[in-house]
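Both of the next two complexes hold chain A, though its partner changes from chain B to chain C.
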Partner chain A sequence: MSWAAWAVSAPLLGVVLTLVVPRRLLALAALVAAAASSAAAVGLTSEVWGRGPFRLHLGGWGAPLGIDLYVDGLAAVMVLLTSTTGLLISAYAVSYARDERWSARAGFWPIWMLAWASLHTLFLSADLFNLYIALELLAIAAAALVVFAGGLSALVAGTRYLLAAFAGSMLFLLGVALLYAETGSLDLYGGEPVTTGGTALVLMTVGMLLKTALFPLHFWLPAAHSIAPGPASAVLSGLVVKASFYVVVRLWEQALAGSATVVGAWLLGLLGAIAVVWGAVQALRQQRLKLLIAYSTVAQLGFLFLLFPLSRTSGAADAWQGALFHALTHAPGKAALFLAAATVLRSVGSDRIEDLRGAVSWMPLTVLSFGAASISLVGLPPTGGFVAKWHLLAAAVDAGHWWWGVVVLAGGLLTALYLGRVVRVFFVSAPAPSIATVPRGLDISTLLLAALAVVLGLVAAGPLTLLRIGA
Partner chain B sequence: MTTFELFALTGAVLFALGFLRLLTGTHLLRKVLALNVMGSGVFLILVATAYRDAGAQPDPVPHAMVLTGIVVTVSVTAFALALVRRIHALSGRAELDEPER
Partner chain C sequence: MSWSAGLPLLVLGASLVPALAILLWSAHRHPARVALCLGGALTKLVLVGVMLGGVTRGERYEWRGTFLLDLDLVLRADPIGLLLVSLAAVLWLLTTIYAVGYLQDAPRQASFFGFSSLSVAAIVGVALAGNPVTFLLFFELLTVATYPLVVHRGTRAALAAGTRYLVFALTGGAVLLAGVLVLHTVAGPVDFTTGGVLSGSSSRGQLTALFVGLVAAVGVKAAIVPLHLWLPGAHSIAPGPASALLSGLTVNAGAFGIARIVFDVYGLELATDLGLLGPLAVLAAVTIVYGSLRALAQDELKRRLAYSTVSQLSYVALGVAVAGPLAAAGGLVHVVHQGIMKATLFYGAGGLSQTLGVTRVSELNGVGRRMPLTMAAFTVASLGMIGVPPLAGFVTKWVLGLGGLQAGAGWVVGVLVASSLLNAAYLLPIVYRAWFLDPVAGWPREHPPTGRVETRPTLLWPPMVTATLTLLVGVLAGAGLSPLTWASFAVEGVFE
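What follows is the complex of A and B.
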């Protein structure tokens, strides 16, 4: 059996396992499932590294009635990223769930494993309809992760998120139906890019932008991402929003590249640029840490969409590497920020930025993680964020489209402003408030995620080579 | 107008009506139903697609998609309705508050 099949089945088996084991074995079962899913992802990556892109007919049934999986460098990188970040978030969640006050802690594991399985399925799907299924499963799991916080505002945020995601899926499915009526094929990797299907592409793209929360379709994101419990916020902001971006990349750069117009690509880039500025301005205005980080996601997602105008210029190779590397490095970075915020919230009982003065003296490791992840998101060398921004900048210079370069630089500066504001508050000297002690495991997982966001810059050659396999 | 075109057009109109109601409706039940009307529109288009070459054997692939799509839509709808009921139980009304400023 190929590793691709295991990458989908391992987290699915994890759903069942974490549902049936007795409460006292739950943490162990969750860690076993997370480790198995990660091992499958590593196996998959080495498989694609060795033999190049390949296709797998599940159960021996070929498309269109069977389900095909397709693995190339990009798919493998996304799966590897999901499972590495996911494993560390799981480790955090095990410590986090020790607290009796979190009443939904038993339900968290099956739902998070379902989200994990949906993400792997989505990245490996070879056809558009299977993508739709993965998107819907992901929507259910993601909305459930939001409402786990409990309370009316979490319910409202989760419901708004579910309805937005549901509408996005319907737009996507309508596009799929039109495309099938026109071409009679659902294959994402059928060889020649399809040149018909302009309407289908627009419908599918709008549906995906709704799920990725690209400005101005981000209305649901700040509330949903900030209100979710800590580990869920990290999953949603670091991983889930990347899934629908990945679909847009597959459609615009590969499967439907023939009907993707330059005007459309510029529009995506423009919305991305507005998101970078708008998200940052909103982040600067927030008084609560988790909301600030959620608006930061709105801004950081904007960078990804600079890919589309730049990939139609002479800077295409750099744009591809820069945007996708940004998607990679943002995942552990943003997860670390949200987990650090969750640790702070648990220990102080508040995430009002005002209340966190002097945090460095009473929770130094949490502050260290937050700072390291911030440096990567800002894009200072030698971090992963630097490599991503460097390639985007090189693409803009190469293409002679300096204005996209200005967006990258201004975006980095704005990120430094709003994250710097938080870090500065951490270092103000203030008397320590009465704080609850938190398990050491929280800080260790967060620190590892932040370290990953930094170290990705030093070992960038590996993922960048992998991204070129089959591209 | 062929049968395929008639059904496909009806599906498109249903989708548009549902989408409009999703945007303008405030009651959550209405929004969930609007999404289901959108879904029915897509399914109608897919079923019609199976019959796009009149007289030939119907294409089984869109049928399989519609069947799967209905199952998925029912599940999402059930979850959405559960959330709506919970919101109603907690707040006494079934509406989303104004988006945060």
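What follows is the complex of A and C.
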């Protein structure tokens, strides 16, 4: 059996496992499932590395009746990053769930495993209908993660998110139906790019933008991502939003590349550029740490969409590597920020930025994680964020479209501005407040995620090579 | 991995490993922290000695690792870089000892020792960087590592200075990134190579624009007027040992970057041909004079010293831009000379503030009687800065001035004379007050209060050592392993 099948089924088995085991074995079961999913992802990556892109008929049925999986470098590396980040978030959640006050701690695991399984399925799906199913499952799981915080405002944010996500799914499904009517095929990797289906592409794209919260469709994101409990925020902001971006990439760059227009690509790039600025400006205005980080996600997602205008120039190869590497490296970086915020929230009881004065003295490791993850998001070398920025800039310079380069550089400085504002507060000289002690595991998993965001830059050659396989 | 490839990595690791170890696990273990720093510093000293010997014998130390698909990271020990690496090894060791006495039981020591070690690692990386991307990497790391030192005290003023510093440094970093990327596009993945890497494929306009961008980017750290605005606040507000490290050591990253750009990216020939060096020399001269003028007006001692750094640092840029072998040697050797003299001055200033609570020039009356040894060291360094023979600063000025004459730029001598006069004008009053005026009343905050001993030995010995070095590198400037000999050796390759 191929590793691809394991990558889909391991987290699914995790759902079952975490539903049936007794309470006291829950943490163990969750970690076993998480480790198995990650192991499958590693196996999958080495498989693609060895034999190149391949297609897999699950159960031997084949299209159009059966479920087909398709694995290329991009799919593999997305699965790998999702599961590595997911494993570390799970480790965090195990320590986090020790607190009795977190009433949802039993329900968290199956839902998170379901989200994980949907993510893997989505990255590996070979046809649009399976993709749609994965999207729906992901939306349900993600909305459930939002409402775990409990309380009315979480319910409102979660419902709003669910409505946005369902609207997105409906648009997507409409596009799929149109496309099927026109071409009679839903295969994503069926060879020649389809040249018809312009309307279908627009519908599907708008649907996905709604889910990925590209400006101005980001209205639901800050509330939903900031109100969720720490580990859930990390999953939502680090992983879930990338799924719909991934779909847009597959459609625009591969399956429906023929019907994608340059004007449309520029429009996406422009919205991305506005998101970079708008998200940063909003982040600068926030008084609460988690909201600031959520707006940062709005801004960072903007960078991804610079791919579309740049991939239609001579800098296409660099644009591809830059944007997708950004999607990869943002996952552990953003997860680390949210988890650091969650640790702070738990130990201080507040995530008002004001209340974090002098944190460098009383939570040095949390501050260190936050700082390291910030450096990667800002894009300083040698972090993963730098590698992404380097390639995006190289694409802009190569194409002679320097204005996209300005967006990249200015976006980095804006990121430094709003994250630096938090770091500055950490260094204020202030007496330590009375804080609750938190399990050491929280800091360790956060630190590992931040380290991953940094080290990704030093080992960039591996993922960059993978991104070329089948691209 | 062979020894010759491993050595640059080891030299870097000697400070990087302690830095990470301290930041990650020794939040509450003071002796372990100090032991890590001292161990690292001693190891580094030994390794640097080995490397100096090897390079003299013509050995090459180079490590190369894959970074991006078409881009390597390169660490290489070349003679110019080793000047800065040696300074780093010496100042790190002394500053660690000094910091033990200075900080005593102060809070946030893990942060201080961790990030000061990280800063040393970054500056060593800058010195060893063998290609533009590696340089960029450590240049940015330096910004990150020094920020916590600047804001260490956590006061409103410190945080404001830190923010200003970050805004300048990160903007400079962004411009440098753009410049390095354009360089990468124009010339491909190149290593620093004496004589330059740019061929005539680009227009003169493009090359000039790129030069301006690159120099402006590193010029932020080199504090070239008007990009110096962050420095006086940042360097004076940091705690004493951090000031010494910032103003004596890490500040050289910018000046060093200018040397790399001129010698190893453009090459002297192309840079001269494009007419880029003249304006750079003028800017450097303006900075030298302007920094001194501003220093005159400062009453706060550390602020006066920080403005002095702005001024003195541009000697390096001036020497590079005058483009003659002697001038270049005079400029480069000032990296070491400025470093030890400025460290002495900041050590002294820190000793005064910790022992007597004296922070202003106007409070210095009679401190020479209370703390004679500290003030003796301070005086030696001051005279050195002014350029009194046979101290370090004299050697710099002599060689730089001769170099100016040799290269047909006689006006350099005028700048040097003006600078010396100004240096005297802002440093001699300190010396005069300390030795020749009577103390007004008690000291602002004396500690320890007995007055029997001068100060803690850890605060006393580091400036004594650097003051002695200030004397030795001057007297022995012609000897085999003096900084001057080494700098002359380093520029030989550039001017064959």
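Heads up, the rule we're going with is that the second predicted complex is superposed on the first by the 471 of 471 C-alpha atoms of A that agree within 3 Å, B and C clash if a C-alpha of one lies under 4 Å from a C-alpha of the other, contacts with A are read in each partner's own complex, and residues count from 1 in each chain.
Definition applied: a residue touches a chain if its C-beta (ideal position, glycine included) is under 8 Å from a C-beta of that chain, and two chains touch if they have at least 3 such contacts.
Small disclaimer: the values here were computed from a predicted structure and weren't measured.
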Quick one: on chain A, after the overlay, do chain B and chain C clash, or do they fit? Just give me the call.
fit
I'd like to know which partner A:Ser429 touches here: chain B for first, chain C for second, both or neither.
second
Taking the superposition on A as described, I'd like to know which of chain B and chain C A:Thr159 touches: first, second, both or neither.
first
Touch check for A:Leu409: first (chain B), second (chain C), both, or neither?
second
Does the superposition put A:Leu368 against chain B (first), chain C (second), both, or neither?
second
Quick check on the superposed pair: does A:Val387 touch chain B, chain C, both, or neither? Answer first, second, both or neither.
second
Does the superposition put A:Val147 against chain B (first), chain C (second), both, or neither?
first
In the superposed model, how near does chain B get to chain C, counting Cα atoms only, in Å?
28
Touching residues of chain B toward chain A in the complex: what are they?
8, 15, 19, 22, 28, 31-32, 35, 38-39, 41-42, 45-46, 49, 52, 59-62, 64-65, 68-69, 72, 75-76, 79-80, 83-84, 86-87, 90-91, 96-97, 99-100
Mind listing the chain A positions that touch chain C in their complex?
358, 360-361, 364-365, 368, 371, 375, 378, 380-382, 387, 389-391, 393-394, 397-398, 405, 409, 412-413, 416, 420, 424, 427-430, 447, 458, 460-461, 464-465
Hey, which residues of chain A end up touching chain B in the complex?
64-65, 129, 132-133, 136, 139-140, 143-144, 147, 151-152, 155-156, 158-160, 162-163, 166-167, 169-170, 173-174, 176-178, 180-181, 184, 186, 219, 222-223
Quick one: which bits of chain C touch chain A in the complex? Just the residue numbers, please.
23-24, 27, 66-69, 73, 107-108, 110-111, 133, 136-137, 140-141, 143-144, 148, 151-155, 159, 162-163, 166, 170-171, 173-174, 177-178, 181-182, 184-185
